[in-house]
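Naming follows writing order (A, B, C and D), and every chain is counted from residue 1.
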Amino acid sequence: MPYKYLTEVRGYELDSFGHVNNATYLNYTEQARWNILKESGFLNDFIKSGMFLVVVETTIRYVRELKMFDSIEITTTLKQEPPYLIFYQEIFNKTTNEKSAKAKTKTLLINKERITQDLPPELIHIIK
Amino acid sequence: MPYKYLTEVRGYELDSFGHVNNATYLNYTEQARWNILKESGFLNDFIKSGMFLVVVETTIRYVRELKMFDSIEITTTLKQEPPYLIFYQEIFNKTTNEKSAKAKTKTLLINKERITQDLPPELIHIIK
Amino acid sequence: MPYKYLTEVRGYELDSFGHVNNATYLNYTEQARWNILKESGFLNDFIKSGMFLVVVETTIRYVRELKMFDSIEITTTLKQEPPYLIFYQEIFNKTTNEKSAKAKTKTLLINKERITQDLPPELIHIIK
Amino acid sequence: MPYKYLTEVRGYELDSFGHVNNATYLNYTEQARWNILKESGFLNDFIKSGMFLVVVETTIRYVRELKMFDSIEITTTLKQEPPYLIFYQEIFNKTTNEKSAKAKTKTLLINKERITQDLPPELIHIIK
């Protein structure tokens, strides 16, 4: 079952063409990834531990533009392909009922010493 | 009665000190101003008209830092001091129950020809 | 011969890990694309015409992190694969002398009526 | 003699009105402040020390809009009004030869333990 994160487009995120700038879509997908950590109950420990998810590669396909106050839902599924943790995400526009974007983000979990590490036991359950 | 807009801090909005960057607070207050237009039912007409609110001056006092996923409420009251439209806004952190910032934003309403204009009849009621 | 655009990392672009956030790399590549239009002498006419480049797909591989004040050079080559205009870009860190990222951005040129169009004669020469 | 920092407006910084969004001006002034630390030769030590400059209050007056590729120079003078360190900054548009904005930023220097502290000896000379 995918994770879901709901938010809305903010007015200052529009660029000079009156729609959301393409880089901002990556902000949305990042926020949805953070939200998985939050829902896992492990966010604060994660931040304190000094671990972080390094983004190694992103591919994003833009399907439809987004406009101010569009209500968007980002759905996320995760897969482990050691050493990578891969996020498959879709941005769905609930205001227009259309898919807006589809992204694949390949990440590496790194510890404070910048060494690749496995998902800690506290986070294993986020893969489902 | 002030306007209220609710949103939450996004992870990518944190700067290298682990809290929301000071410029981002202005983004929040802008979004709350857009939301007044949205609630007025006049947002789309406003955008099509080519009118815009030019920010002439902002004063913001930062009271407390904001952290990832903090739930924030921006309250706004408006005053007309012709030719200016002035927004008094507060950012309140509902996660910590503390005031986070207080801002005053002086704006001018400009039409497509870049001439200062009065609030159109459709928007007069937003002053209350 | 590729296009080159030089800029430097700004302090507020660092995220809570102390390095440039991954979405910001797309900002850099966008700016380098705008700069091609600027160097073509056609930027102002382009903006007035209402044309725009819709980003259809981006793939970006992150090779090395970027830090505050790193001097970066974005090199760009373009290819036409009708109806697409494809940008191959690399971000090179001149401060550390290392490649930082490599991106491919697939775009469509759209006119004011949102119809795909060929490169106008004034821009044909940017493909070289 | 004021500090000077030179940069240019990036295309993605324009908002839906085709000019630089008002919050982005604060980004420019922040970057100019970082550059003072860089020129002092103390930037890396500063970052490692865990010290940071907390922005307590900002007042910014917007004089003229900024457009894509405008070349801007931010001049900064500092004053100590213990416990505050105050930055007076102007954004000057060298492309149009007009002043674009004027800002006053009141800051507190805080150490790792979040306690207000005086300028360390290595930084005293930045006040001139």
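Basically, a contact is a pair of C-beta atoms (placed from the backbone, for glycine too) under 8 Å apart; a residue touches a chain by one contact, two chains touch by 3 or more.
Values in this document were obtained by computation on a predicted structure and should not be read as measured data.
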{"item": "Cα-superposition angle relating the copies subunit C and subunit A, to nearest 5°", "value": "180"}
{"item": "Cα-centroid distance, subunit B relative to subunit D, in whole angstrom", "value": "23"}
{"item": "Chain centre separation (subunit A, subunit D; CA means) in Å", "value": "31"}
{"item": "Sites on subunit D at which at least two other chains make contact", "value": "11-12, 16-18, 21, 23, 27, 30, 47, 68"}
{"item": "Overall pattern in which the protein chains touch one another (line/ring/star/complete/other)", "value": "complete"}
{"item": "Subunit D contact footprint on subunit A (complex, rising order)", "value": "11-12, 14-18, 21, 23, 68"}
{"item": "For the subunit B and subunit A complex, residues of the former touching the latter", "value": "7-8, 10-12, 18, 27, 30-31, 34-35, 38, 43, 47, 68-69"}
{"item": "Subunit B - residues contacting subunit D, complex", "value": "16-17, 21-24, 26-27, 30, 47, 52, 54-62"}
